[in-house]
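What follows is a set of structures to go through.
Each of the next two complexes has subunit A plus one more chain, namely subunit B in the first and subunit C in the second.
Coming up: the complex of A and B.
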């Protein structure tokens, strides 16, 4: 199945082993901070990819769900005194439920109308967070969200600082997200999402219950956004409404486009490259968009499928296709290769 | 097998299909013909649940299916193909067929995330069901090619395989021979005959009279959204109402067929 696990399972294992080694070389807090931020953005991008890349629906309220997840963790830990470890899964459940509620209404529309409708909802979520002073702290935001209980002690016991602990927490979260998304994509459910991406009418006539599949894709997408949001809240310790608005959604969209829509590696590659680039261009402040803008234009012109698309085009040119198509499905091939 | 009774649909003030009563018999090939805009495709869209009729009833194997959503209609055993080659060109031939098999599987998102036994069963079943459908249309050797890389005829077969993998009892083909050369049309006719011998019931909308006359057991003729005749090819081609619909009221007798210059040539041969 194309797009299931590009580079194969071993490529992914290698990436994660390398990433896991980084804190052991005693890097600066700045490097670890970039790492954690990339991973949070990547998780968020994986959620967006479920709806946009696989199901073909453009949801512009994604950062709103990120915000709902983050503020749920912030409010439950700060105001209700919950443990992070309980507040986090609850935040995921709440964002999934909120996604279901949005989907029930939003999926009565299609295409551009769906995108515009969800954009409106995204703005409303940000405004509610910004104006509901009693609950969210309004313009002042939420301050002093604690790190997860036990994370610091655990980090110390293996000779790491808290930042190292956060790095591993983010890495595990990212791995879980990728496994969940890869499983969803490779399933009969996931193939039905791809069918819907090709067109509602064709999917319907093929016997797919389009509405219920879209709803479930939406719930997976928003649950992942809430998952990322919870991590963001505890990592940053401070929440403001700006991170939950449409600008954040569009930033994410840019990351995903750069990485490669509908691919498994794209949502990680895009944030890794773009976030690092943005950090290095920070000196330019607002002028950094003068660099980003033309970059995006070049990308759309020469690599509309993103970096992953560019890579597969490159490898396809290098290796001629086999004369006889393989009779075993790709995933079985993977197993035999691993076994030999 | 399929009975429609007083079926009609209105778009604004236009009666696209009006008061059609018909019966598609099991194990037969029924062709629905008529001039352009006669309402044939709309009739298919009504049966397959794409449109909700404004009047009338549809019964399939004794059960009322009038207001069921499309995926439920497919689950009951009615599958369709589209006029143009509407398939997933960027997916493999096998994946196309597997998509059609979705209606026979139940595994959902949780099954996918937890890799349950049901997911594994349905995943295997979907692959087997897809391959079985590809074998029926003769595409098994091409299973792992991209569907878009096949010829026009091959892509038509992918569309039919997608419909077949839902394990239908009634197959609706909307202009299956459109865009095919004569040789491909003959191959397609052989395929349809094979499927019917295998126990399938087929209904098709088609403009190519050679295909209709050579293949259909029953013909239903529509004009201006209404049924104007039905019967065997021989009966229908002698029906005065049909001749008038096809040739206009100026024509007197003659053979039914595609109107135009070729008509005169055929008549002079006769």
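Coming up: the complex of A and C.
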């Protein structure tokens, strides 16, 4: 299973140790804010990657589930007075259940129709959140969601501000997500998903129950989206319906594609690069898609595996073939997408 | 009764526009198997080109409509050449994602050129007609008449001309079409051009009754996708029936149930139909 972690397990440990050291150097709140946002988007992208990258299905309601998770936490903590620590797992459970319900209907359709169907569901989720004033606050959104109980005190006790506490909370959440996704990917379940990506009939001929595997992939994907949503709600303290619509899904799609579809590092790399870039192009906010639109097209045409794919291609070219044929190829990278 | 007739005429006009936009989308899907998410962008661009021709060139409404339709048709054909043709053998999610990229680009480009504010296109004939107590604007009558003409012309083209028949043939069976000597490359390009033409014409027709904005394509995009799924992806009669189903559901749902949820009704209908008949109302052999 360790072999499935690209770059090796030690590469990941090094990345996380470095990331964990950042708040200790007393960076500005702005840097920490970008860090937390990147991590939330990365978690969300890992969820999308389970369905799009591994299973080969394009779910365009992903931001809707992010919204369901976020609003569940917001409503439970604000209106029912629950503790965040209780509301968060409940939000994850609800989004997983909602994913199951969507999947039961949506996976009766295939391929293109599935994508458009989920797009319709995504719009419905956003519209319902936007119009149901009594529950979600409608256009005004939900204001004043509290930070998790005890997080501030805990941060103070180790000499950090609340933002530092949020940073570590996001970092731990991201690590949990990556471990969960990597373990799923390395298991028989993950291999079955890759087989489904190659074609429903092909997978079925290998004895895989396609429908139930797709359902489980959907539940994992939406649960992760809800997980990210809960974190987003408590971090921002404010929720609006805009963050739950198709545009958000499309933005996420761009992040994922830049990083690399179906890879383990891609969903982290993409948001890290693109979010930072977008923040620094604030002046171009409205026009950023003049650049990002064609970028999305070029990526899907020439580098569908994103940065991670380009890197593996680069390293694969530089690595000389071993003198004796090994039992397993030296670079068992996930670039075997062709033929689907 | 008067209210009912009033709503009926509104629904007919709206359905005509939906049908024009959805027909292009369903043709492209039938021939290329590409769900063109950029279609709403083409529609939006059509409205802006009409606006630009009217105000910039100072030509009349009809020449503006034609100019916009030709411009968008050329762009759609170019899109097919540069993006969708090279992606024809890629995994099926690739062209969808590329189309989303094009949609974003078109929206941002239009916003850069014409600004984010609403634009208004003056109606070619102002005023209203009263038929037995039912009041209808001239523009809605023009929309209904024009969409009927275009749909009939398109049907004639598809059924009675050789070029049209090649489109039909290719949507029925790609390999078969190639075997009997149809130049599938040319047909693909032509279909994209027709879809652009229809989208731009629809936009030019409806534009005087609403405000033109860069985001007008997004909503239309979702609706026409709902329509062609309802009617069965790639089916021409299905697109027309789906368009009127949606326009009637929206208009009457909006009038008699709740205006707030008028947009939701269409999608709720879509989800319901797909839950019962995943292949759409009009089944097509694949």
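We adopt the following convention: the second predicted complex is superposed on the first by the 311 of 340 C-alpha atoms of A that agree within 3 Å, B and C clash if a C-alpha of one lies under 4 Å from a C-alpha of the other, contacts with A are read in each partner's own complex, and residues count from 1 in each chain.
Convention: contacts are C-beta pairs under 8 Å (C-beta built on N, C-alpha and C of every residue); 3 or more make two chains touch, one makes a residue touch a chain.
As the structure is a computational prediction, the values presented were derived from the model and not from experiment.
Chemist: Tell me which partner A:82 touches in the superposition: subunit B (first), subunit C (second), both or neither.
Modeler: neither
Chemist: So, does A:206 touch the first partner subunit B, the second partner subunit C, both, or neither?
Modeler: After superposing on A, A:206 lies in contact with subunit B but is clear of subunit C.
Chemist: Touch check for A:16: first (subunit B), second (subunit C), both, or neither?
Modeler: neither
Chemist: First (subunit B), second (subunit C), both or neither: which does A:300 touch?
Modeler: After superposing on A, A:300 lies in contact with subunit C but is clear of subunit B.
Chemist: Of subunit B and subunit C, which one touches more residues of subunit A?
Modeler: C
Chemist: Which holds for A:127: it touches subunit B only (first), subunit C only (second), both, or neither?
Modeler: A:127: touches subunit C, not subunit B.
Chemist: Identify the residues of subunit A that lie in both the subunit B contact region and the subunit C contact region.
Modeler: Comparing the two interfaces on subunit A, one with subunit B and one with subunit C, no residues are shared.
Chemist: Which bits of subunit C are touching subunit A when the two form their complex?
Modeler: 29, 33, 35, 83, 86-87, 90-94, 96-98, 100-109, 111-112, 116, 218, 222, 225-226, 229, 233, 260-261, 263-264, 267-268, 270-271, 274-275, 278
Chemist: Using the touch definition up top, name the residues of subunit A that touch subunit B in the complex.
Modeler: 1-2, 180, 183-184, 186-192, 194-195, 198-199, 201-210, 216, 219-220, 325-327, 329
Chemist: Which residues of subunit B touch subunit A once you look at their complex with the stated criterion?
Modeler: The contact residues of subunit B facing subunit A are 48, 50, 69-71, 74-75, 79-80, 82, 86-88, 90-92, 94-95, 98-100, 102-103, 105, 107-109, 111-113, 115, 119, 122-123, 126-127, 142-145, 162-163, 166.
Chemist: For a test of understanding, state which residues of subunit A touch subunit C in their complex under the given definition.
Modeler: Residues in contact with subunit C: 52, 56-58, 105, 108-109, 111-113, 115-117, 119-121, 123-124, 127-128, 131, 246, 250, 253-254, 257, 286-290, 292-297, 300-301, 304, 337, 340.
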